[in-house]
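Below, chain A partners chain B and then partners chain C, in two separate complexes.
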Partner chain A sequence: MEMKNIYVPEVADLIKVEKMTELETFFEVKLPGGRDLGHEPGQFVQVSVFGVGEAPISVSSTPLKKGSFEMVVRRVGNVTNAMHRLKAGDKLGIRGPFGHGFNMDEFAGKDILVIAGGIGLVPLRSLINTVIAESERKKYGRLIILYGAKTKEEFLFRDELGMWTERDDIEYMVTVDRKTPGWEGRVGVITTLIPDVKLDLKNTLAVICGPPVMYKFVILSLRSKGLKDNQIYVSLERKMKCGVGKCGHCQINNIYVCQEGPVFNYARIEDLKEAI
Partner chain B sequence: MASKALPKDKIPQAVSILKKQYKVIGATPKGKNFVFKEIEDPNEVTLDYNTTILPLKKFFLPPREVIVEFNLQSKEYRGEDIKVEPKVFFGIHNYELQAVFRLDFAFKNGVSDETYLKKREKNVFIGVSYIPDDFHFSESVGIPTDLKEGFDIFLTRYDSHYRVEAMTEKGREIENAWEELLVPCDYEGDPVVHFKNKLKQSVAGIREIFHGAYNHPIWKETARKCYSCGTCNLVCPTCYCFDVSDEVILGTDKGVRARRWDSCQALVFTKVAGGDVFREKRYDRVRHRMSRKFAYIMDEKDRPFCVGCGRCVRQCTADINIVDVMNALL
Partner chain C sequence: MYYYLRREKLAGLLLHLSKEWSVLAPFRNSYGDVTLENLDSVAENGRAEEIASRLALGGRTDSAQLLSPPKEVFFPQSEILFQFSEKGNGEFAIEQPEGKDDPSGNKPKLLFGIKPCDYHALLMTGRFFLEDNTDFYYSTRANGSMVIIDSCIVPPEPEACFCSSAGTGPLMKRGDEYDIQLVEEGNGFIVDVASSRGEDFVSGLENFFKIADEKETARRLEEIRKEAVGNVELKVDFKGALEIMKESPEEGETGERLPAIYREIADRCIYCGACLYLCPTCTCFNVYDNSNFCSVLTLLEEGERAGERVRVWDGCVFSGYSREASGHNPRDDAYKRAERRYEHKLRYDPVVYGRSTCVGCGRCLTGCPVDIGMLKFIEEVTVGNEE
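So, the complex of A and B:
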């Protein structure tokens, strides 16, 4: 029986590298021959930097984008700092896509409420860009995006945020934790945006991604608005080493986030004590 | 067919015969303890041991092992070539082989881990009966001493003889190769063996008990004694969590990505770069280990991952006894 070594990354080309903020950089990656990654929104890849190591990173582009895919990486440690030293033309290793993302069929015909905290916008952008693509937009109902960042300096994808503000088919609200010079918008944590949103409760699905502390409060607030647990999707972060359900690091109780997640229907995990 | 027995004093010769065709791995004394190792001198192997310090997993999932090789110059990643040599594991207790089967399940379930599974090819297992000591409790986890599942040959001890039962084609070949060492055997049936160490309840239903035991005081009580040293993970035949890191070979463009045994008892096991730790309390980690053994992971036949070898009890720095912990729940 021919077996494939599941740990060997495929070598890919970095075709674009762009600093986004003090901490975050944007990367565009081309697989050999321009082959599509074949991901679904919300999935992740394991990215290898030669001689340094591997880290799980979300795919930030929509599967509708052909020939390459995109990521945004915050530098926080070994691998992510090494990534920030890479330039267009450099090589890196890719394994995946891994896990389960958003099943877009479930979102067809629904109003979609996206709640993104900080770098949580990165994986959710793959869903947003799938929904707002010209060929797809009719398939879905309203698209409401709530975005929170620490300060305006930490906004990601600024061009796209501007476009969201302008489009009539996107309801976009943004807040910062702390006002810095030049900010005229809302100040406060992301949950302060939720009371202002009017929802068609029967027909809405909410998706949440952000820092671990955020989930509990956002979920409480969505529940108090009347959303049911099975109308809420969360994308969760855990330590990951293998991405293939072996190393044990990503386990929440008995489930492997790298296999069943990182995207979960909240009803699936609400009884798992270690989840939120 | 009348069965045959291998006289105890013929064991070195039996091993010599195996060594002609195979690498032979067996238990040998080390101080007051025993270890599994590749047998050089047929006289060093013993069939008379309680258990070894480390289980067989070290042969299939070594403490450190290369999973990928890379080259910084040519920008390549590739798998390591794994050479599989025929091996006989000689004188193996049944819980030990059951533990190997649990690992097989773990590395096959979902995606197949070739790095592990390759090493499981061309393995022959020769089992031996044993007398449980104060720590074994395998019977409570569905592994009575007469379970011979998966062995090519099983040796059952009677006084100064071992009855030889070949169970596979490979086993019969070996029995034939031993022909001139064997004597007729008048023993039938299996000896009745008693375990002193027992769970209050056998495995059926334990998983359900875990569901209601999340906040049981035993987790905190156990955690107060535990040092989170991780010894219990290292010595457990079914613990397989690993860490991964890259190493560049000094002065070259080459390097390897290696995996190492890891411990879910360590705080850093779930710690992410932002500083969040997902099992921060020691009792969360104590509960996690026990839950993985008895509730979280089950093999394809719904059998738990604890095989009752008692190693984590014998070797615990804090004298924590998994049987006592379990019995507090049952």
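So, the complex of A and C:
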């Protein structure tokens, strides 16, 4: 039998490219034959721009979406800058999905507190859209979304943020670090939203994704509210070159973030000195 | 079973084996360096005499360490993962090299004359690359390969190795996982065949391997082992170091010692990466694209667009190793990178593999321009542990 080569990407079609903010662009990708990616919320893929290289990118769409998947990418390095020059109809390489995302079975029946900072919202949107899908919503308890961005200009998925505000079954709070003209809402870092949230401590799971500096403070804040470490999930970012536990770059102690993560139960990693 | 191989038969044996195998053996070049060379490239220039004169085999009379570890046979410093070319409609076709760049071609590799420490390292890299998410390239290069060990009776020069402390030598022991070891004795080698694969290998080679008396040879091997262990002058408290590393370094008296050692290493290290490249168990790599059409920002030329994806060795002492595209670096301080290097081998790998991935070859010390190495680290960590 031919051995599978885990380093060779599949060539996929870019079917939609849409600028979202100054730095972030939305991409919709169709795999050969419209095959589903088969991911779970929180997983990532390795995206190739042939000639430039490969980078790990979170999947932003829910697995319930069929026929294509979505990513939102900040242009920050070689590959992501090259991605921003692509247009619908162009080809890119895809490997994955890789690692472990959110096990939705563990969230069934629970209140879910989503805490997203900046582009941390991108992978968490996969979880949010899974929870709020019509066919799924009743499986879960409350959905509380706390979202923070630097300014209102950096908000992602604006149509969806508006919809979250409208819906009765989503408790959505948003803050910006810095007020810009036209912003009437809250100003302050994301932790300032946490004291106002009423939680059923026994039945809540929190998920966190954001810039590296955010985790420590959000976790402190959740602990002081009374959440236990094993009720907190974090999605971590690391440099990755392979996605399959070989290149070594993403290791924290003896854990490969690309294999066991990027989503971790906080109780699993809190004692790993390099984790957060 | 035990056999005896006369030294004068060595060159003929290697030539004979090279019909079916891609034979790689340690040869000494004109500078005195010993490297693994393919027999075909050696035999091109001369015949058996050339082979015999340059072959560096024999743990007593010609004990020499390979300049670079044998991992590169299966995991070369740089290799092409695949090639891509545009089909005209923006689509890229991907072509795998399928080992085309492997000098061994289709023959399985026979690594003839690997030191026990390096052999242990190959077991570790093999396990790492072949289990869980099999690495296509390592697997293709290693497919069907076999290793014949040349055990050390006298440590190689310059003596920086500490196999008897690391538990990887100087001789293999029955019960260890190996096929064949050679142990130099008189004007030839005791051939210790320890597996059925090894027996299959020697069968049909009666011209070269003469059956030796089982009891007498076993007795003699035990004598040689004792002598060889005695000849390893460098002894460190390897187990003691592992015990200390197992503790949380923030705790206890040794816990206070570790940060000072890491700090000193971080301050003195010049980040050349020699220790990682020379380490027989370091497996980290970087991946990048070479192409005729794309630099970071511009299209270089018109015409057919083609390129290749390449992987090259990488290592945790480099600051860019863990730096993310955003600029954030979880190991932004040299201290953390020094800590990582030693804790990976001595603290975390023992958790994963049940043993340290330091095999005690000593290359990290001999290759280091500023005299840092695993040996010194272990000595410093275990100061005060002396018997």
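As a convention for this text, the second predicted complex is superposed on the first by the 275 of 276 C-alpha atoms of A that agree within 3 Å, B and C clash if a C-alpha of one lies under 4 Å from a C-alpha of the other, contacts with A are read in each partner's own complex, and residues count from 1 in each chain.
One rule holds in what follows: a contact is a pair of C-beta atoms (placed from the backbone, for glycine too) under 8 Å apart; a residue touches a chain by one contact, two chains touch by 3 or more.
On a predicted model such as this, the values are computed, not experimentally measured, just so you know.
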{"item": "Overlay on chain A: chain C relative to chain B, clash or fit", "value": "clash"}
{"item": "Partner chain(s) touched by A:161 [first = chain B, second = chain C, both, neither]", "value": "neither"}
{"item": "Partner chain in contact with A:89 - chain B first, chain C second, else both or neither", "value": "second"}
{"item": "Chain B versus chain C as contact partner of A:81, first or second or both or neither", "value": "second"}
{"item": "Which superposed partner A:189 touches (first chain B, second chain C, both, neither)", "value": "neither"}
{"item": "Chain B versus chain C as contact partner of A:15, first or second or both or neither", "value": "neither"}
{"item": "On chain A, positions contacted by chain B and by chain C", "value": "3-9, 11, 48, 50-54, 76-77, 80, 91, 93, 211-212, 237-239, 241-242, 244-249, 251-254, 274"}
{"item": "Partner chain C, residues of chain A touching it in the complex", "value": "3-9, 11, 48-55, 74, 76-82, 89-91, 93, 211-212, 237-239, 241-242, 244-249, 251-254, 274"}
{"item": "Touching residues on chain A, where the partner in the complex is chain B", "value": "3-11, 48, 50-54, 76-77, 80, 91, 93, 211-212, 237-239, 241-242, 244-249, 251-254, 259, 273-274"}
{"item": "Interface residues, chain B side, partner chain A - complex", "value": "67-68, 70, 72, 75-79, 106-107, 109-115, 117-118, 214, 240-246, 248, 255, 257, 259, 262, 264, 269-274, 276, 278-279, 284, 288, 291-292, 295-297"}
{"item": "Complex contacts: residues of chain C adjacent to chain A", "value": "81-82, 84, 86, 90-92, 94, 96, 128-129, 132-137, 139-140, 283-289, 291, 293-294, 296-297, 305, 307, 309, 311, 314, 316, 321-326, 328, 330-331, 336, 340, 343-344, 348-349, 351-352"}
